[in-house]
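Common to both upcoming complexes is subunit A, partnered first by subunit B, then by subunit C.
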Partner chain A sequence: MACTTESVAEALRAVASVVAEHRVELIELDRAIGDADHGENLNRGFTAVVAAIETVPETPGAVLKTAATTLISKVGGAAGPLYGTAFLRAATKLGDRSEVDAEAVAELLAAALEGVRARGKAEVGDATMVDALAPAVEAARGAVADGVAAVLTAAADAADRGAESTVDLVPRKGRASYLGERAVGHLDPGARSTALVLRALAEAAK
Partner chain B sequence: MKKIINDPGTVVAESLRGLALAHSDILRVQEDPAVVVRADAPVAGKVAVISGGGSGHEPLHGGFVGQGMLAAAVPGPVFTSPTPDAVQAAVQASASDAGALLIVKNYTGDVLNFETAAELAAAEGADVRSVVIDDDVAVADSTFTAGRRGVGGTVLLEKLAGAAAERGDALDAVEAVARKVIGQVRSIGVALTPPTVPHVGEPSFTLADDEIEFGIGIHGEPGRERIKAEPADALVARMVEAVAADLPFSSGDEVLLFTNSMGGTPPIELYLAHGIAERLLAERGIVVRRRLVGPYITSLEMQGISLTLLKLDDELTELWDAPVHTAALRRGV
Partner chain C sequence: MSVGLVFVSHSATLAAGVAELAAQMAPDVKLVAAGGLDGGGIGTDFEAVSQAARDADSGAGVVLLYDLGSAQMTAELAVETLDGEVDAVVVDAPLVEGAVAAAVEAQGGADRAAVAAAAAKAGAQAETGASTDSGAAESVELTLRNDVGLHARPAALLVRALAGLDTEVTVRLGEQEADAHSVLALMSLGARQGDRIEVLAKGADAGTAVERVKDLVARDFDE
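On to the complex of A and B.
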């Protein structure tokens, strides 16, 4: 089954509610290795996204684009440009099509990953969002035959494992990189939030 | 958490309101997005030097808006960089046809947001350049990491680039001054206690009573190592060694020494540390030609200090001595 504009908007509302629910957890993860603003910033951003799509734009791509510009203008920090770029590239990938099928979902996740890589100049193994998003994209591609919900569930499962893998890594990007070896043993807040967002999308698609 | 605030969500806006009232002869504050602008901006024919970043480092950056220093400052939420549209609003409010130079501290969030803003401004035809300052010797400098942080040197950079703009230098020349400063300035910081971010409500890290975080950043993020507390002589010697060895600064060099309080360290300890640093530099044959001592780039109420050394030449000395009229730094006017 393909997603309509309204179901994309509904999925973003679900993301906002999951982010709000995990605000303190993300703050705590960030407090250990960064500056404790990740949960606060994402919550501020997705709260603004929900308000911005109150009048739902006409296409799924337009919904994602509204989310992108809202995140860029409300989140700040590193997460604003990174999440904003991810949503913007996903929106661009969708163009003006009216429905999103499983293949398109996998494609837009890949586009989001490329955007985050380009903006953050990070690769797998640097202990960032990319460690969750890259395996998610690969898993999503493998599940295209099974529909949208399966694609997103596979992506969320892979993102969870990818985020967990950051615990053993020495961060090389972002504020955690200043700790070097001392950050080993900590879950990267950006990878964790990426996994949470994908899980929220997967649950919404069920 | 005990703080003189109403609501963590309105701390920055309420503080800016007070700043505007206290210094209405120097600056004005625009709301949504929040921007601090020189009262007489835009100044025709002069480059606008603009900086910004997370709030909580006051008087950086809003306290340095005024004649001879910044044309505008962009305060983000506490410890969070401002967004690109806020930076753009600062450019629009303060830049004349002479263009604008953005001073960006090397933190991932600041770099990404200012980079995006500069791209957007350029797309609209504005002549906007940016420089990234990365003076912190505490963290590894490598092409595979985020690189060194921008810390205390930012204050000196804003003053010197601002003075170059004030004397009428073109954008190329102001940018050249900024790049020279970035090449010649180095810093190190230490923390004795953590800061508490209002929206978090708990200290950013914990230190035992007898521990010091050596190589701290301006958000309280750790740097090199955690050490046992030691007397001021030993601690300042460790700091001078770290910062002087880096460029390196050597015998015969003339420098500006900036001894900064991270917010919670009182003047009595700050001057004590400054005196030790001057003595140690003299022992190395390094000539302290200019000084700045005070809380200029802070981390909320964190106790600690930072030392910044800038290698001076005649041009930088002249720019340092040039008049400046801002809320936090005022001289010669």
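On to the complex of A and C.
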């Protein structure tokens, strides 16, 4: 089954509530290796997204674009341009389609990954959002035949594992990179929030 | 019409300070500080950076410099979303040195690519100074009488005096040499009041170049 504009908006509301639930957890993760603002920033950003799509835009792409511009202006810190770019590239990928099928979902995740990679100049293994998003894209592509919910569930499962893998990594990007070896043993907050967002989308699609 | 500059920093004070410093050397260049979050606080504000790029543009394009990682991302995202509305580019350069080098280049009327290049090579120049060049066609020895010697503003005036001339000019202080087309190289000489410098020029406009430097030194760099 394909997603309509309203279901995309509903999924973003679900993301906002999951981010709000995990606000403290993200703050604590960021406190260990960053400046402890990731949870606060994301929560502020997605709360603003919910307000911005109260009047739901006309197409799924327009919903994602509204989310992107809102996140860019409201999140602040490194997560603002990174999440903003992810949603913006996804929106551009969708164009003015009226519905999003499983294949489109996999494509827009791939576009989001490409955007995050280019913006943050990070690759897999740097202990960033990319460590969650890259395996998610791979898994999403493999599940296209099974529908939207399966694509997103596969992506969320892979993102969880990818995020967990950052615990053992030496960060090479962002503030955590200043800590070097001392950051080993910590889950990257950006990878964790990426996994949370994908899980929320997957749950919403069920 | 010159290339405009935007200084993107996590700190409003830092961005404003960089603009203030660069303005000393480039009075006619549009220098826009985009630092801190809307309503205060440390961070970078996408809307402010985008607006700064629009404000800095007077038709010749804009070069954006930044301090740390997420300021770079915000600046690049702003350029991407301006999507050709402003001919803008983000340069990877040390913020202070890059700002000074870019401001002087812009003041001299260089195009956007040249301004960006001046910023990009600013860090390396400050460390290595200028290359040796012998066989000068014109040379003159001058004693610096102004208070601050070849410090930032006088160095910038000297570089600007040579802008557009077809000549290679080197300034010597004792054993050291600096490319007279680079503010940072000139400053790295550390020439002070009372120091005797040698100016060597070669190329078609060598005579004019030497005359202009002599004139500047004689006027105490208008201090």
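As a working rule, the second predicted complex is superposed on the first by the 206 of 206 C-alpha atoms of A that agree within 3 Å, B and C clash if a C-alpha of one lies under 4 Å from a C-alpha of the other, contacts with A are read in each partner's own complex, and residues count from 1 in each chain.
Here is the rule we use: a contact is a pair of C-beta atoms (placed from the backbone, for glycine too) under 8 Å apart; a residue touches a chain by one contact, two chains touch by 3 or more.
Quick caveat: nothing in here was measured; it's all calculated off a predicted structure.
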Combined model on subunit A: subunit C and subunit B, fit or clash: clash
Residue contacts with subunit A in the superposition, subunit B compared against subunit C: B
Which superposed partner A:Arg172 touches (first subunit B, second subunit C, both, neither): first
Which superposed partner A:Leu198 touches (first subunit B, second subunit C, both, neither): neither
Subunit B versus subunit C as contact partner of A:Gly120, first or second or both or neither: both
First, second, both or neither for A:Ala140, with subunit B first and subunit C second: neither
Subunit B versus subunit C as contact partner of A:Arg31, first or second or both or neither: first
Partner chain in contact with A:Ala132 - subunit B first, subunit C second, else both or neither: neither
Touching partner for A:Ala111 - first (subunit B), second (subunit C), both, neither: neither
Subunit B/subunit C common contact set on subunit A: 72-73, 76-78, 80-82, 119-120, 173-175
Of all residues in subunit A, those that touch subunit C in their complex: 72-73, 76-78, 80-82, 84-85, 88, 119-120, 173-175
Subunit A-facing residues of subunit B, complex: 54, 76-85, 107-109, 112-113, 115-116, 138-140, 144-146, 149, 197, 199-200, 202, 204-205, 217, 219-223
Of all residues in subunit C, those that touch subunit A in their complex: 37, 43-47, 69-70, 73-74, 76-77, 81
Parts of subunit A lying in touch with subunit B, wherever the complex brings them together: 27, 31, 33-37, 40-41, 44, 72-82, 119-120, 172-175, 177-180, 182
